[in-house]
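Letters A, B, C, D and E mark the chains in the order given here, with residues in each chain numbered from 1 onward.
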Amino acid sequence: MTTETQVIAAQAAQAGRRGRGRGKLGRFAIRLPALVLAILLWQVVATVFDTPFFPPFLDILARFRADWLSGPPSQLFLSDAFITNALPTITRLAAGWLIGVLVGVLIGSLIARLPRVGAALEPLVRFGMSLPAPALLPLAIAFFGLDAGGKIFFIALGAVWPVIVGTAAGLRGADPVAIASARSLTLPAATLFLKVRIPLASPQIMSGLRVSVNAAVLLIIVAELYATTTGIGFMIVNSQRNFDILGTWSGIFLLALLGIVCNGLFVLVERRVMRWQIIPREAQK
Amino acid sequence: MNDIVIEVQHLGFKYPSAPKPTLGDIDFSVARGEFVSVVGPSGAGKTTLLNCISGLTRPTSGRVLVEGEAITAPSSKIGIVFQDYSRSLFPWLTAEKNVALPLGSRGLSAEEIRNRVSGALASVGLGGQEKKYPWEMSGGMQQRVAIARALALEPHVLIMDEPMASVDAQTRSDLEDLVLGIWAERGVTVILVTHDIDEAVYMSDRVVILSTPPTAVHDVMEVGLARPRHQLETKDDPDFGHLRSRLFTAIRELREFSAAKP
Amino acid sequence: GCSNAADISEPVEDAPSDGELFELTVATLPIGDLGAYFYAEDNGIFEKHGLDITTETATGGSAAIAAMVAGDYDIVYSGADGAIKAFESGLPVRVISGANLNQPEGEKDSTGLIAAPGIASVEDIAGTAIGTNALGNINQVYTQEYLSENGVTDFEVVEIPFPEQVAALNSGQISASLLPEPFASQAIAEGATVLGYPYRTGADQSNLVGVYVSTEQTIESEAEAVEAFVAAMTEASEAANDKANRDALIESILSHTKLSGEVANAMVFVHFTTEAEAPQLQATADLLTKFGVFPGEVDVAGLIAE
Amino acid sequence: MELSFRERMLWGAAGIAGLLAIMQLSVMTGLVSSNAMPTAVGMLAAFANLVVSQTFLAALLATLVASVLAFLLASVVGIPLGVILGTSRTAEKAVSGLVETLRPVPAIALMPIAILSLGIGLEMKVALAALASLWPVLISTIAGVRDTDSMMVRAGRSFTWSGLKIMRRIQLPAALPFIISGARQSVSLALVIVVTLELLGAREGIGDIIRQYGAAGRVDYVFAGVLATGLLGLALHAVLGRVERRLMHWAPQYRKASK
Amino acid sequence: MNDIVIEVQHLGFKYPSAPKPTLGDIDFSVARGEFVSVVGPSGAGKTTLLNCISGLTRPTSGRVLVEGEAITAPSSKIGIVFQDYSRSLFPWLTAEKNVALPLGSRGLSAEEIRNRVSGALASVGLGGQEKKYPWEMSGGMQQRVAIARALALEPHVLIMDEPMASVDAQTRSDLEDLVLGIWAERGVTVILVTHDIDEAVYMSDRVVILSTPPTAVHDVMEVGLARPRHQLETKDDPDFGHLRSRLFTAIRELREFSAAKP
């Protein structure tokens, strides 16, 4: 567990280090060579070999624009397809994840702070943690059916485990010296918990959140590939069923973009919340 | 004679996981305004003793009275400074907020909190550094924030567990003088645990020497050196040399004795 | 070209000369439309034609075609629209034989336009929503064509999986849907009515709904095996269409699907065939264009294997 | 408030029993439709049937083989690449744009395209699962190599060692805790992706079995399959924990309290 | 007069990222078998200087000669002991293997390696602890392993960067005596960087006092105290007191001077 936190802090610190020196553009440009090369290679290989399922990059981009970004300015250029398909995906994702996080932090705290509850829930949590989350789809369908509720429940159900484990481990593993120092200040229980225990546990909570974001993105796709009639996942399946390969790629690009944006947002929040962890680390180098 | 602030009475403590008691039977008291150092071989149980005195740990036997009241939980009469500032300060809070944190729940007005915080930070020479995060400060500065945090609570007793151990030798002598200054100015009672014999002699009115576990008080040494003390003059005083030799020999004997035991 | 890819007899001579059997992997779906195939399998018709068939159950026609292109299967059962779409997108697929047609006029058809209780005529559908099991599929475009022939063009199409369509009809979420068996019987039992048979359109009132497809490469390298398969299916289709074999057919369907015996007994069957004609496929392709699945004209010439 | 081992076991058993009881009662009282969820007894009976069935064990093996192959592929690519990128800042910078673009892309989304070139069998599962599980091991290796204490590297240089030797003898072992932690995440991820692909229609494996029972409406077997999947995950975790402890006996979190 | 082992000639160094040079112009030399301490305010560049001497860092100007040869890369003539044992020992290797590690590539026979390792570990009083991992040892023991690792290389020069800074005061005095013992026994030349004024005086023949950056040699102090030295007697010697006062004042002045500058 500690190693995991270290990895995250190290990664975040790395991202931070990159942020120093040079102008914004210069910093950006220096990271692009491989990406540009990969895209060029894609374009050339796809054009030369002309396989139907591996279309040139630019063709996909064109289709991507047509599919998602062809709307009127009043819609911020977002197309109707974007609004009917991507928005539900995004709201389901956000709702499911948030529920998962809230419940996860709550249960994790209970487990860490109440030893008996912790002991009772531990095997179940371990099981849930090891269970490939998509296998829970039948469970979600059982309780909530296949509509939006079912999907949100499904995402929450998958996202909750790493948050529980991270919260419990973080709270339990808190540095005893830090806790003693807080106790010596005769803080009231609530302050002690919210202002000391939770921040102390935050690296591991964040590590749990990071895993849960990835799980949530995976699950929304699974849910939508499995059975829905709207959503980006559905768009991909539908274009695949129609052998509309460009359309499939265009959907995949949108999902990729969604993944990148989620990740980016997360890193932003993480850097803000874990500043006190990350910056001293950078300085130490 | 003097007004007694802390009484440690037949204190005993055993860690549940340890085979034998760490603290055997410890008995001593500290007068108001006194500066007492506690020394003893590594593993003697100095930290354990401080934890018992400050109410962080419940003793297995005996008790601790602070101003006549038995201590069962951390009390606002006692401020503690730990050795490792990097673990006792909260890195997610600025210096100012670290100091203010325990004040928030004491029914003080915002005004008064602000005054106490800036007063405490000024005492330790950190006026103007309020907005810095611990990790933006040197080790000595961080330890001073930790001291300020304890001071802001206006405790009657200040307990310090090797507060100077994690800083370099030069910062250390600065901190020693800072602590002596605060002690003299605020009239607080101080119990200082240290490994450093020179420091124990230099700082204290009395030095309590602990034995090895099950630990008891091996000896108490009165330090009659004049105050205020001075890093060069006091340490050049022949009496200082004699006191440090006595202490050095006592601890070396205790260590050798305990090393021979198992 | 118009071809009858299946007119081959003397099955035993299909076998490889060295006495070995041709090996083929075929992807099927667990539905009644493959009755003839299941019948062939259960009654040793493939062995008789020198074939050693491995049957796999796919999740859907298009996924199976994709997997076939990647080499997982030799032959795949698919809706005619799936074959057309794959061909149009440039995949090297060919129709090797037909599989099933709608029943001609006068027969009960297995696929009818089922209306929700309270929808008495086609006109009532105007301004409502109709169901389809997959957006832009063959069922949808034939239904749309049927409705527009009857002057109804103003409706919405929503995607609902077949098993949930009966409930959707009852709740009024959709007013009508082209339902296959066993869902059609189920809906009718719950009070729905048949408005018509959308596949009965065009010159001979019959349209190719399902087909068997393979890849260019398999057709070339396993020519004999593919021929033997078509021959076997021709024999099986004739047998399955014969009302005398109904019980055996039902038994085969039961053994390959999860349907209950009750449902299977009440089932109406498709018309099995191995014939595949270009004009039929072209008609379907034109409907797909007409209702916006394809952006432009599509020419299916070359889709049917020579 | 430390609980003894016995107490922990008892409470743990109570937790499991409680959940099973809730499941049993909520179905028996009709709170949850029996079409949606089996009774606990039904699930366990189905589970008992599953674990002795040849087909099921074969499926288990198929899932496991695909996951392990994917993980191995990811490690074989990820660890050396990570060491290179961890050592050379220039290389790391040059590819960081590509890595950061590809990493958040959910591998599952590529399934519809992957089917076309790789089919729905082992190759596709391994390829997509390897792609997904490449990132944890790659990123942790980079972080680990980069995080190696500069003091250790300096010690190595003071031995008059070459850069390559320092990499092999110091940076690699020092990065091992990170690499292994990444590898563990990778294995779990590989299993998740493989099962997911199977649930979505890939051939063979536990996910495939669950999907088939789902299509047939056999909720007892579906839940038993989910149970089995969780247990497989648990077993995999346990094995990896063992391996990790073995290799990493010197790392802070595994040091036996020897004093 | 004596045989010169190390010559630091007009050494200058500037970190590329720093606005001004850290080392200005440093010039001193060390005779064979001499024990020289380097002291100076924090940030003076003591570590930077050691890095240049040991060949870990290339100086910007000037050069370092060891036994007459210019140093451009780490040399097997020099052994280094770093301050923080927890960062320079390899936690995945036992004490024995830590010591043997750098010997592997020196063309020695397995026999000879074994002898050197056990010899070095015995020198530091760790005979019988060969199979322990660093983290199974106390801080003082770990630092002794680090010293043994440097000794096993049989360097002509032993360079130590605050080797006693991370251990407690008691262990520290033990280690000081251990290092003096090894130095006397093996006749190795030692350069010791320390923050601790008492330590610098107690250990050395000469103390080199560095100024603040751009750093030069501020002063060199001869320590005429008799050898062998003794923790109590030597430190009670009035000469010791004078030397420590001189050093203390010099460094405090340097610090105040540099603090006044910006």
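What to note about this one:
Just so we're on the same page, contacts are C-beta pairs under 8 Å (C-beta built on N, C-alpha and C of every residue); 3 or more make two chains touch, one makes a residue touch a chain.
Predicted, not measured: the structure shown is a model, and the values here were computed from it.
Contact with chain A and chain D alike is made by C. The chain with its CA mean position farthest from that of chain A is E. Inter-chain contacts peak for the pair A-D, counting C-beta pairs in contact. As a whole-number value, the distance joining the C-alpha centres of chain A and chain E reads 50 Å. A separation of 87 Å divides the Cα centre of chain B from that of chain C. Centre-to-centre, using mean CA coordinates, chain A is 41 Å away from chain C.
Multi-chain contact residues of chain D (touching two or more other chains) are listed as 112, 116-117, 200, 251-252. Looking at chain C, one finds that residues 60, 63, 66, 69, 91 touch two or more other chains.
In chain A, the residues touching two or more other chains are 52-53, 240, 245. Every pair of chains meeting the contact definition is listed here: A-B, A-C, A-D, B-E, C-D, D-E. Partner chain D is touched in their complex by these residues of chain C: 30, 56-60, 63, 66-67, 69-72, 91, 258.
Residue ranges of chain D in contact with chain A, taken from their complex: 1-3, 7-8, 10-12, 14-16, 18-19, 32, 36-37, 93-101, 103-106, 108-113, 116-117, 139-140, 142-144, 146-147, 150, 177-178, 180-182, 185, 188, 191-192, 195-196, 199-200, 207, 210, 214, 219, 222-223, 225-226, 229-231, 233-234, 236-237, 251-253. Put simply, chain A touches chain B in their complex at residues 175, 177-178, 180-188, 191, 195-196, 199, 202, 275-277, 279-280, 283.
Partner chain E is touched in their complex by these residues of chain D: 149, 151-152, 154-155, 157-161, 165, 169-170, 173-174, 176, 250-252, 255, 258-259. Residues of chain E touching chain D in their complex: 51, 54, 56, 73-76, 78-80, 82, 84, 87-88, 90-92, 101-102, 105, 133, 135-136, 153.
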